[in-house]
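After this come two complexes, each holding chain A, first together with chain B and then together with chain C.
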Partner chain A sequence: MNALRIIGAFLRLNVQVALAYRSEAVVQILLNLMWLGWELTSLAIIFANTNELGGWGPAELVALLGVWRLVNTMMSIIVWPNTEKFNQGLRDGSLDYTFLQPANSQFLVSVTRIELWRLWDFVIAVVLIVAGLGMSGRVATPANIATFLALTVSGAAVLYSLWIVMIAVTFWFTRFDNNVTILAALMDAGRFPAQVYPFWLRLLITFVIPIAVATTVPLQGLRGELAWWETAGFLALGVLAVWVSSRLWKAGVRRYSGASS
Partner chain B sequence: MFEIFRRLWALNWAEQWQYRANLLMYLLFWLVSPVVYLAVWTTVAQTQGNVNGLTANDFAAYYMVLLVVDVLTSQITIHVLAPEIQNGNLSNRLLLPAHPVLTQVLVNNIAFKALNLIALVPIWLVLYLLFRPALNLNALYLLLAVPALIVAFGILFLLGSALALVAFWTTRVWALWNFYSAVFMLFAGHFVPLALLPPVLQTIARLLPFPYTLYFPIQLILGKLGPQDIALNFGMQSVWLALAWVIFRLVWRAGVRQFSAVGA
Partner chain C sequence: MQPQPAHRSALTARPALPVSGVNGKPPIVVEELSKTYKVADREAGLGAAVKSFFKRKFKEVHAVQRVSFQIDQGEIVGFLGPNGAGKTTTLKMLSGLLYPTSGRASVLGYTPWERRAGYLRSMTLVMGQRNRLAWDVPAADSFLLNKAIYRLSDADYKRSFQELDDLLELGPIIRKPVRNLSLGERMKCELAASLLHRPSVLFLDEPTIGLDVGAQARIRAFLKEYNRRNSATVILTSHYMADVVALCERVIIIHHGMLRYDGGLNELSRRIAPYKIISVHLGGCDDCVLDAYGTVLPGEDETGKKRLQVPADQVPAITARLLAEQPVQDLTIEEPPIEDVIERAFNERAFNE
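Showing the complex of A and B:
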């Protein structure tokens, strides 16, 4: 209940911020639509030259684009803005006030900033997923859809946990303010199925910076390509990631001594 | 004039060197999308033998050369110039007896490029070993590529500067830059070798300066162009260089007149 009230307070605050910069939001939404056009054009060009990409057809790549945008939206609504706030707080000491508050600090640093107008991106992402599914002519069973939803949530949880680990590492190496760059840089690789990439890159985006776990894998679940133990494994990975990252966060917080002291 | 450039170089090199760790991260950021497209197109070429006559090796060679050409010809003017206009620092530079964009900003770009190139060498070698494209390089074409690359950088630098100068009028200059980047990526040959674009898009591309700044140098280095094509492309490059110069001068003159420094 307390957590909900805190989120409610932050939401109110962020609505006020968003309302203060209305025209900026409009410009960003238009730009986002332009990039959507770019992404769809690039898919059209690829499939003008081939029928399948690594075993995936055009409809499935549209759905994948949707899943990728879903993950990206999560990153741009909370992860990137809060990273900026966190890094700044660590440098100038304002993070002290976060730790003084009587709530879970990991929770607080994750939801202080919320870029609300990007919620619109969620709509586009869902439309892409549904349209992709419809075009593929494949009938997804309720079980497949449930698997897909579960894998999407756990994939997002894995990326979120990785982010927590990355910013928690800054407690040990304070000067490391490029802490999340590698994650941001590799996000782009999620637009195409992992099967397309050479072995080393597939390893990198599956195990090291597991973007594929949040993009390719849920869609494989939707296509019914995963055995039950694979699905269970990916879900367990999500739970494990959340647990490990929260432990590491706590250890990091214990090391924190404030920028001024 | 030479003395001005020498001093500016020392200053800008020292400044860039200080941020070398950030530079590596920037390079990583910039590297991902060419490698992704390389992978996508080689996969397509492998499944069906070739794409419009281009084999998997052709794509690998194309993107490996693209990495070098892109570092050599790209520019970061907006990141240098737009903030200076917005926070009013440009006023100090306007008082100096040298054109701020054609001295300070230009040298800053070149220092950034030099450092980037040094960092790119080891990364490029690793990627070369991973993809192993067969590159048939020819001394004559490499020699011809030198002026092509310099002119390409000139065009992109002048256009990029003109775009950054829009900051004189509006704070939305970054949105404009975003749009420019998307157009550039599609029509310069970033996403796909231009020969694979649908005919309509190829026609549009020919009317834009971008193919002459990236696609042309790459094709030249790869030895894909005959003497006639090379001459034609150099001709188009000269036309665009002249046009870019005119655009830049016009925007600069109008912009400086419009400029009222923040806080002044």
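Showing the complex of A and C:
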């Protein structure tokens, strides 16, 4: 398939960039481990004072941290670096070339930059999920695991779509440096289960900036807490989000073609 | 000479060329193409800024106004005009990047702004001031990316690459990271990347900008050869007249978004600057006064040549008088410098008088 060939070519480019900046990769991996230490320490502090948080025990929060990191890894492999590339392209006009290539422009702006060394974060995330579940003493059935994977993919699709919406909206405004700030700021909210937040914030992170859909929800699926119709609803939300965002992207590109000089 | 409205003379001034392209239509047909932007309009100062925050006033900018022309297959046409004349906007509409406000265009049978894959695969837009190559890696890797995006087969890619390598003498520069290349080397790579898919229509927006004279000449020679081999249709903008003289028999002049002239370069100078330059070298007469023959142009070269600007129709008479009345050692008659012609052409009144 041609999309795979294009991704392959972008990967080649990005491997070279990663190799050219090896020391940066090492520093980032160390920094990331430091963050992990901090995140686990803060969980330890919380559970030194209480036994549960919004109905969730420490082991479950470790697993949630893993899911959150899984989503965060996706954000740091493609979303943040491509945002930077996109904004730079808008500023210096090189985005023009993207629109004149015979390939889907949304696809192109999504895969131009790939921060490969971040793949290492996936390993940490999976270890956290497995360890968390192990500590909680739960046994995940294959059906639970399948639900979890499907919900994770759909949650990631929701966040990705939200990102596409945010950068597409940039086409209507002239300032574009802050287009994803709110997404980045609210990402952090996903580290804790949605249930611990006050009602209004829970609404915000479930429906407006649906971080919870990509963190709390998949984990609930893994623990077998979701009814089938809830699972189906969240999966449908993923499909809907992808559809809406691609429509908005196309409208944004049309706007760009109509208004820019 | 009686100047006519530019667009009409443009259509009549050119001899009918054999038309080819799509179904006998010329590859590029533009009809009444217009583009109007809305820009926020406010006066300077804080008060005006606050006022415009609550009530925006917009001003319409007519970047391109009812421009029409046709270009035949294999032609290289120079697109000229001062900065802000609407050249780049027109090229962006023709390449499909911008929607026009009104008017039609057909390039290779496609409507450009629909951006059909078939269209995008058969044309290219090169902007001299913009980058398409990835900055941190060698150009060769960006080429491979284009191979994937344009779906070139291995054989096609190889053939195309070898030809470009041959013509542009790319050699080792494609294996150096792009950020380490000189501007001239980078432009060669940019051109190669833009042409790997062998487009038959090329829109070149200042492809030689910022290059030294040698590099400019190499790019020009390359474009000419590419055009000859592929009988590609080319629209080129440039501020370097050497580019235009070397490549374009036909020029289109745009000013304030309107088409002012469409026709041959030589004809343009006859129309706009109906004068010639007579250079004379006088023997033993350093302070001779030549004002009686024509306008003496300032500056003379180290050999003591004097330059006279005279109306084209009086050249034979004045030459005869000079030879008869002055101790002329050497005399040459030259066309007015093309920069001068273009500068006059950019001056609005040139076509309106």
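By definition in this document, the second predicted complex is superposed on the first by the 257 of 261 C-alpha atoms of A that agree within 3 Å, B and C clash if a C-alpha of one lies under 4 Å from a C-alpha of the other, contacts with A are read in each partner's own complex, and residues count from 1 in each chain.
What we mean here is this: a residue touches a chain if its C-beta (ideal position, glycine included) is under 8 Å from a C-beta of that chain, and two chains touch if they have at least 3 such contacts.
This one's a predicted model, so the numbers in the text were calculated from it and none came from an experiment.
K.L.:
Once both complexes are superposed via chain A, do chain B and chain C end up clashing or fitting?
P.N.:
Overlaying the two complexes on chain A (C-alpha atoms) leaves chain C and chain B fitting together cleanly.
K.L.:
Would you sort A:Gln88 into first (chain B), second (chain C), both or neither based on which partner it touches?
P.N.:
neither
K.L.:
State whether A:Thr141 touches chain B only (first), chain C only (second), both chains, or neither.
P.N.:
Once the two structures are laid over each other on A, A:Thr141 reaches no partner at all.
K.L.:
Identify the partner contact of A:Asp188: answer first if only chain B is touched, second if only chain C is, both if each is, neither if none is.
P.N.:
The answer is first: A:Asp188 touches chain B but not chain C.
K.L.:
Quote the smallest CA-to-CA distance from chain B to chain C in the superposed model, rounded to whole Å.
P.N.:
12
K.L.:
So which bits of chain A does chain B touch that chain C touches too?
P.N.:
On chain A, the chain B and chain C contacts do not overlap at all.
K.L.:
Once bound in the complex, which stretches of chain B touch chain A?
P.N.:
21-22, 25, 28-29, 31-33, 35-36, 39-40, 43-44, 47-48, 51-52, 130-131, 172, 175, 178-179, 182, 185-186, 191-192, 196-198, 201
K.L.:
Which chain A residues qualify as touching chain B in the complex?
P.N.:
On the chain A side, the touching residues are 27-28, 30-31, 34-35, 38, 41-42, 45-46, 48-50, 52-54, 178, 181-182, 184-186, 188-189, 191-192, 196-198, 200-201.
K.L.:
With touch defined as at the start, can you tell me which chain A residues reach chain C in the complex?
P.N.:
Those residues of chain A that touch chain C are 2, 5-6, 8-10, 12-13, 16-17, 20, 92-94, 96-97, 99-103, 108, 254, 257-261.
K.L.:
Going by the contact rule at the top, pick out the chain C residues touching chain A in the complex.
P.N.:
Listed in rising order, the residues are 37-38, 63, 89, 92, 95-99, 113, 115, 117, 120-121, 125, 127, 129-132, 134, 136-138, 141-142, 144-145, 147-151, 177.
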